[in-house]
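Two complexes come next, and they have one chain in common, chain A, joined by chain B in the first and chain C in the second.
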Partner chain A sequence: MNAKDWKILLVDDEREFITTLAERLDLRGIPSRVAFDGESALEAIAAEEPYVVVLDVLMPGIKGLEVLERVKRTNPLVQVLLLTGHGSTRDGIEGMRLGAYDYMMKPLNIDTLIEKMESATDYAMKAAAQSGKNEGQ
Partner chain B sequence: MMKLTEIIKKPFRGLQSDVDEAESPVRYTVLRRKIFALMAAATLIPLLAMAVLNYYEHMTTMSREIQNPLRVLVNKTKNSFELFLTERSSTVSLIASAYTYPELADENKLSRIFSVMKKEFKGFVDLGLIDEHGTQVNYVGPYALKGKNYAEQRWFQEVRIKGKYVSDVFMGFRKFPHVIVAVQHMTEDGRTWILRATLDTHQFERIIASMSLEPDADAFLVNTQGIMQTSSNNYGKVLEKLSFALPPQTYEPAVLSMVDPLGRDVYLSYAYFPEADFVLMAVKPRGSLLKSWYTVRGDLLFIFALGVVAVFVAAYRVTDVLIGRMKESEERREMALRQVEHSQKLSSIGRLAAGVAHEINNPLAIINEKAGLMKDIMVRGGEFTAKAKLDVQVESILRAVERCRGITHRMLGFARRMDVSIEDLDVGEIIKETAGFLSNEAMHRKVDVRLEIDPDLPRINSDRSQLQQVFLNLFNNALAAVADGGRIVAMAREVGDNVDITVRDNGCGMSDETLKHIFEPFFTTKKGKGTGLGLSITYGIIKRLGGDIAVESEQGVGTTLTITLPKGQREAMA
Partner chain C sequence: MRDALFMGRMTASATHELQNILATIRESSGLMEDLLAMSSEGFAHAERFKKGLTVLAEQVERGMILTEQLNYCAHAPEGCSAGADVNESVRALVGLWRRNAARRKTTLVLAPGRTGLRTGLRAVEVMDAVAAALEAAIETLPMGTQLMVSVEEQGGLGVVRLDSPGYEALRCAPAWAELAALAKTLGIGLSGGPGGQGVVLALPKPVA
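Our next item is the complex of A and B:
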């Protein structure tokens, strides 16, 4: 599976954090787009249908969990990796209940993130293929 | 009326306000004193009232019982005296009517009549016939009194006016105490004469002796001028002046309480004679009469004193117990208040710690990413002069970030300890739900996840979100351990007072060396991929919830983690 095909959206209001993360992923050959709030994230998801969204839970405006809920309603095949404050597992668990693929705690370990992104992309691709097959039938 | 209610309320108001206010030991002393006084008063006042009432009731009854026999005795004796005098005067009157003057003037006849009188009625000393001029014309008796003239004597005047006369005791010509009974008679031709008899006072002594008085008692006759008519043991001889004043006149027998001239407390019982100039008196010392009353009074006082002592002892003991209980409950209340205060304080510190940790996480994440990017650039940017030195600096930044992660981890651990919320919950449901979170990945990797939950599993008291975190950690670890197509089995069942949850996988297993460290913070086998916090957090949570966690593992075979949770909430160990 070529990392160039992963279609990743990174969402966080901490611009410094998320742009640096995007740059680091880019250095590893993983293209990604960024959004700095819930609303633009929802627009980007609707327009581009990424496989995986890395979504911060704590954001001003539309909160991460609400974005997750809406995404799961409109684009159920999109897989969401939640970013929570370190040790704040309640939000993570709540996210899992709402259909998140997994959750991770800040500060991140980039290798673990990439591992989870790969797993989630793989799952999303297969699910999309399955869904396409079902639609074709 | 207002005043009365105020008085009643006052001590109670004191009690109430004192209980809620001051906390010094002085307050308990004051309270103890008040309760003691209140209890003693509440018990002693009725007791005292009863004792006083009883005392007076008893005294009145006793004194009535003592006075009544005295009254009866005096009445009976007075009757005896009256009978005696009436009989004697009737006898003289009968003789005066039955015989004519010449018959009575006949010496022999009068002598015979007198001898019959003496035989039939005791006490007659002599008998004389006195003409209208006061001259004794005939006389029978031990003295030579014939021819004596009584015209100037008082008794003669009185009998001339009243027709009948009983004298006081007097000495007269005879020189010994005697009483005269005289009757005037009028003949058909209008002449008057007087028949006069003398009675000796031995008969009086005899009647008084028949009263059978105790040696310390006294009875005597006295006339209305206070002259003794019979001798008394204590108050004068016959014809002497009575040594105390006469009591008020009453013909019905009466009883007086007084102090006699000898200084004794006495009962004086007396009655005036309606027909004669006499007063009968009986005197009894109260001491001897009241002996039984004194015994009763002593008994009463003893019982009262005993009651008072018992009341004091009981009030003291009850107050002691009451104050003890009060102190105890107040101490308990204070302790509970302190605990609540303490836990509130800890809880707010916990919230503050969590807030700080979360706030620090974001800048920390930026530093982490920036340093990571610097490292990435240096790795990919080829050699340059200061590369080695910069490398060291970046590594140092990344280590500092790790240290900060440790600090926020500890702060959040503390916050979590303060944030246990216990509810009644179904563990089976939580296990199913948590396993559901991972179903995507499990399905993707074709891992067989089986749940064997006892349908009769009891509900337990525990913290839902913390248990979810525990199970999520366990399932995540199991998923990480198994190869694609592996198996994870979660079981839950009741064992005694506990619920046991087992998560078994057929993954790679762990060495004995790894097993020794798995519950330590930051220990990880995921080689840079894990945080190394999962099992240490799990361990902390389970201990806090009063449970236990055990692990069995064999390399190449798999790992079994068993969590034991109490059905009811136990004291946390954290």
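Our next item is the complex of A and C:
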């Protein structure tokens, strides 16, 4: 699986954090797009249908868990990796209940994040292929 | 109570911000590590840079642990129908109390605790009582001592044990009166540890 095809959306209102993360992924050959709030994340998801969304839980405006709920209603094949604060496992567990693929705590270990993104992308691609087959029948 | 909840909300909000700041520092230092790895040849100060970045990562990790404990503390005044998790409360308290103990050159050691034990007290009450016990123990112990704190189950109750100094010596400590009064208010049983060493705080059961 070529990392260039992963279609990743990174969402966090901490602009410096998320743009630096995007830059680090880019250095590893993984392109991504960024959104800085829930509203623009939902617009980007509707327009671009990424395979994986890396989504911060605590954002002003639409909160991460609400974005997750809406994504799972409108684009169920999109896989969501939640970012929570250190020690905020409650949000991560709640996110898993709402259909998140997995959750991670900040600060991130970039290698672990990439492993999870790869696994989530693989899952999303297979689910999309399966969905396409079902629609064709 | 209202002011404790207010301060807790303020502190919780600030700790989230601090975590974001630390995460941003970690990511930025990670980017510098990446760039350094790509172009360290010919860079005279590469080793010094690597060392500096390692220190940054370690300090971020230290800050994260501290903000996690502070965040727990901020939520500690909130009530929970299931009661407080004894091990989590003690872990956060000991983490935050280490600096106080260090002033008396005492090292706090938290034994691997029995997890899943709950008490009817709020987390802040557990922390307050254990802090009072630590205060009494630390003023009684000679400087340079190690003090072990453990969470155990005894007869279905969650107990917190400090393994030194001797129970009778503890009862003579100036801070004992405050601990005894607090224990009485909160329904905590106080007794000596095995062989009369240390003190055991038997916490009330969660409300069924």
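The rule is short, and it goes like this: the second predicted complex is superposed on the first by the 137 of 137 C-alpha atoms of A that agree within 3 Å, B and C clash if a C-alpha of one lies under 4 Å from a C-alpha of the other, contacts with A are read in each partner's own complex, and residues count from 1 in each chain.
One rule holds in what follows: contacts are C-beta pairs under 8 Å (C-beta built on N, C-alpha and C of every residue); 3 or more make two chains touch, one makes a residue touch a chain.
Keep in mind the model is a prediction, meaning the values are calculated, not measured.
When both complexes are overlaid on chain A, the residue A:90 reaches chain B alone and has no touch with chain C.
Once the two complexes are overlaid on the shared chain, A:122 sits against chain B while remaining clear of chain C. More chain A residues lie in contact with B than with the other chain of the pair chain B and chain C.
In the superposed model, A:17 makes contact with both chain B and chain C. In the superposition on chain A, A:6 makes contact with neither chain B nor chain C.
In the superposed pair of complexes, A:51 makes contact with neither chain B nor chain C.
In the superposed pair of complexes, A:36 makes contact with neither chain B nor chain C. Judged by the document's definition of touching, chain A residues 14, 16-17, 20-21, 23-24, 27, 58, 85-88, 106-108, 110 lie at the interface with chain B and also at the interface with chain C.
Contact residues on chain A toward chain B in their complex (touch as defined above): 14, 16-17, 20-21, 23-24, 27-28, 58, 79, 85-90, 92-93, 96-97, 101-102, 105-112, 115, 119, 122-123, 126. The residues of chain A lying in touch with chain C in their complex are 14, 16-17, 20-21, 23-24, 27, 58, 85-88, 106-108, 110. Across the interface of their complex, chain A is touched by residues 354, 357-358, 361-362, 364-370, 372-373, 376-377, 380, 401, 405, 408-409, 412-413, 416, 433-434, 437-438, 440-441, 444, 465, 468-469, 472, 528-531, 533, 537 of chain B. Within the complex, the chain C residues that touch chain A are 15-16, 19-20, 22-24, 26-28, 30-31, 34-35, 38, 60-61, 64-65, 67-68, 71-72.
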